[in-house]
Amino acid sequence: MKIGIADTTFARVDMAKFAIETIKKNSDAKIARYTVPGFKDLAVACKKLVEEDKCDIVVAFGMAGKMPIDRQCAHEASLGLQQAQLMANTHILEVFVHMDEAKTEKEIYSIAKNRAERHALNALALLKGKTELTKYAGMGRRQGKNDDGPIKIK
Amino acid sequence: MKIGIADTTFARVDMAKFAIETIKKNSDAKIARYTVPGFKDLAVACKKLVEEDKCDIVVAFGMAGKMPIDRQCAHEASLGLQQAQLMANTHILEVFVHMDEAKTEKEIYSIAKNRAERHALNALALLKGKTELTKYAGMGRRQGKNDDGPIKIK
Amino acid sequence: MKIGIADTTFARVDMAKFAIETIKKNSDAKIARYTVPGFKDLAVACKKLVEEDKCDIVVAFGMAGKMPIDRQCAHEASLGLQQAQLMANTHILEVFVHMDEAKTEKEIYSIAKNRAERHALNALALLKGKTELTKYAGMGRRQGKNDDGPIKIK
Amino acid sequence: MKIGIADTTFARVDMAKFAIETIKKNSDAKIARYTVPGFKDLAVACKKLVEEDKCDIVVAFGMAGKMPIDRQCAHEASLGLQQAQLMANTHILEVFVHMDEAKTEKEIYSIAKNRAERHALNALALLKGKTELTKYAGMGRRQGKNDDGPIKIK
Amino acid sequence: MKIGIADTTFARVDMAKFAIETIKKNSDAKIARYTVPGFKDLAVACKKLVEEDKCDIVVAFGMAGKMPIDRQCAHEASLGLQQAQLMANTHILEVFVHMDEAKTEKEIYSIAKNRAERHALNALALLKGKTELTKYAGMGRRQGKNDDGPIKIK
């Protein structure tokens, strides 16, 4: 199994590092990394990781600034990743952090680390098969913060 | 006939369970399930259910949070499903619930259950042929809440 | 010539009926109908009408609710139709009515009927050739309400 | 050389006429015209002008109303044109006028005429080669109003 | 190695010139240039630079006006570039400047120049391989303004 890791120089946290550590600790999957300038460069990078490096799944890391235009750019990057997945017939887990998700840089760092690690585990689970995550279906799992958990009806 | 069921660990209600129960009660269709982390992972999962598992139709379940960014993410997931349908030449019924559709978790649960069950029936109807639902054309049918019904002109 | 008619059970007016009556009154074109749950199911339905039923043109009928999320959903459905047209190399006339286009249900009904009938005539015109409508180019024609007409410069 | 001209009956100015006059005055290019109901019908029309009529470039004319929904529709039409260009591997110059670009109909008419004529010249330039317009690169050229010109740094 | 440079006559700064100077100073890569009217014409131009001129990477320069409609147009152009990259399987670095990024034309000029030069260097780096930029991953690099740098956690 081979996992692609695509990330950016724009991001302010090296999320890929956390993901790679998590993957190495929990599997013997091979890793191919591709670093691009910004998240709008991720879609084609991920497609290349699948097609040129024969990755079985890709995790894509990006970070968005605080301005309205940053949200629009994240939207464009995300739509590119949707299309890349369909063209490459392969999962690309989008791991984006928005700088306005928290008030302090410390919190952003913590969200980024946690989200990267949990999505690395999601990638490993998806590689095991289509129903590996079914035991958690509808369980309100989150990445980057605590799980919301399932809605409980008395 | 084979029906694909794609769902997420992000959702806070196990909608797929309700759909599967409805399908089993009303047909002898086979079912293939695929659980992914979030709704942006659904498009390629649905395409794989069609191409790898030979599903004749897919129902995709997702849940969106309450923040503006959640709405944007739902939009991206939904556009992915539009494209996946066209690429796979197969219906993918989008069954999304937005956490701001109701004020209490109990209501959300109830909307999610009803929407899942009714769209499971829609999937069964679509499998019967292009005009199976024509008797309800323009009848204001809803999933997740009561039908609005057709506009009546005196 | 064969005209595809795709419509939904979500809509509150049976627009397809008006279109079919108009087509029958004005041509001997064959008609293939496909009824789906909602307008996000239209794109692949229209593509199937072209590819499976050999329709030469398709008219797609949908109705959007009043909430902001409904507008977003209409946007997704519309982008699906854009893509479907390009993939099928065939016109798909989008006939959408928004519930906030008028204040009373009676007006909505009237808009829906008029828009359906006029777009049925547009479909017949497009089947005749690329310049059939050229005599009306820039004439401010509308469907669902009165024509705005061309801008007149004294 | 052959230039495709796609336009609509929705527009309130016959922009194509101005473009055709400009093309005839400045070249001996052949012209193929295709008139459709609205601008959401342009993308596939332009693709057909390339594929069926062997046009080397297409100019697409549309006009958007003043309401928010009109802006969304223009967005959908424009994204269709982006995709059509990539699928047809051919330039499609988008010549859209928004009814809220000016306060009087007279001004709209004047913008529409000027924009149509200037984009007709752009089409002729693009047909000459990839660097035909390079002498104007970064020069702040506009269509429909006066050029902004390049930023001058003292 | 060959680098495509796509730019517009709409922009008010000749960004391509700065990029070309930077490329020539730092490499012996060949350059192919393509100038189009506006940024919505860039996607197909970039695809042609890859397919017809055999460019290994493309840098696309555009400038957006200050109005809301300009932002929407930038969004459309950007989505076209996302798709073009995936279809051409080649990086297209999007170098867009928004006229509302700064208050004075002098600042805009300075942002445009810096962004063009830095992205030219990014293009050269990407040509060297997938991990050439990995040493800067998560380092908060910017183009057009000072780097934000990585988040530092004590």
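As written, the chains take the letters A, B, C, D and E, and residue 1 is the first residue of each chain.
What we mean here is this: contacts are C-beta pairs under 8 Å (C-beta built on N, C-alpha and C of every residue); 3 or more make two chains touch, one makes a residue touch a chain.
Computed from a predicted structure; not experimentally measured.
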Euclidean distance of C-alpha centroids - chain B vs chain E, Å: 40
Chain B-chain C separation of Cα centroids, rounded to whole Å: 25
Chain B residues counted as touching two or more neighbouring chains: 75, 79, 83
Category of the chain touch graph - line, ring, star, complete, other: ring
Successive chains along the ring, chain B then chain C then the rest: B, C, D, E, A
Chain D-facing residues of chain E, complex: 7-17, 32-37, 40-41, 43-45, 47-49, 51, 53, 69, 72-73, 75-77, 79-80, 83-84, 87, 105-106, 108-109
Residue numbers on chain E that touch chain A, as the complex places them: 71, 74-75, 78-79, 81-83, 85-86, 89-94, 98, 119, 122, 126, 130-134, 136-143, 148-153
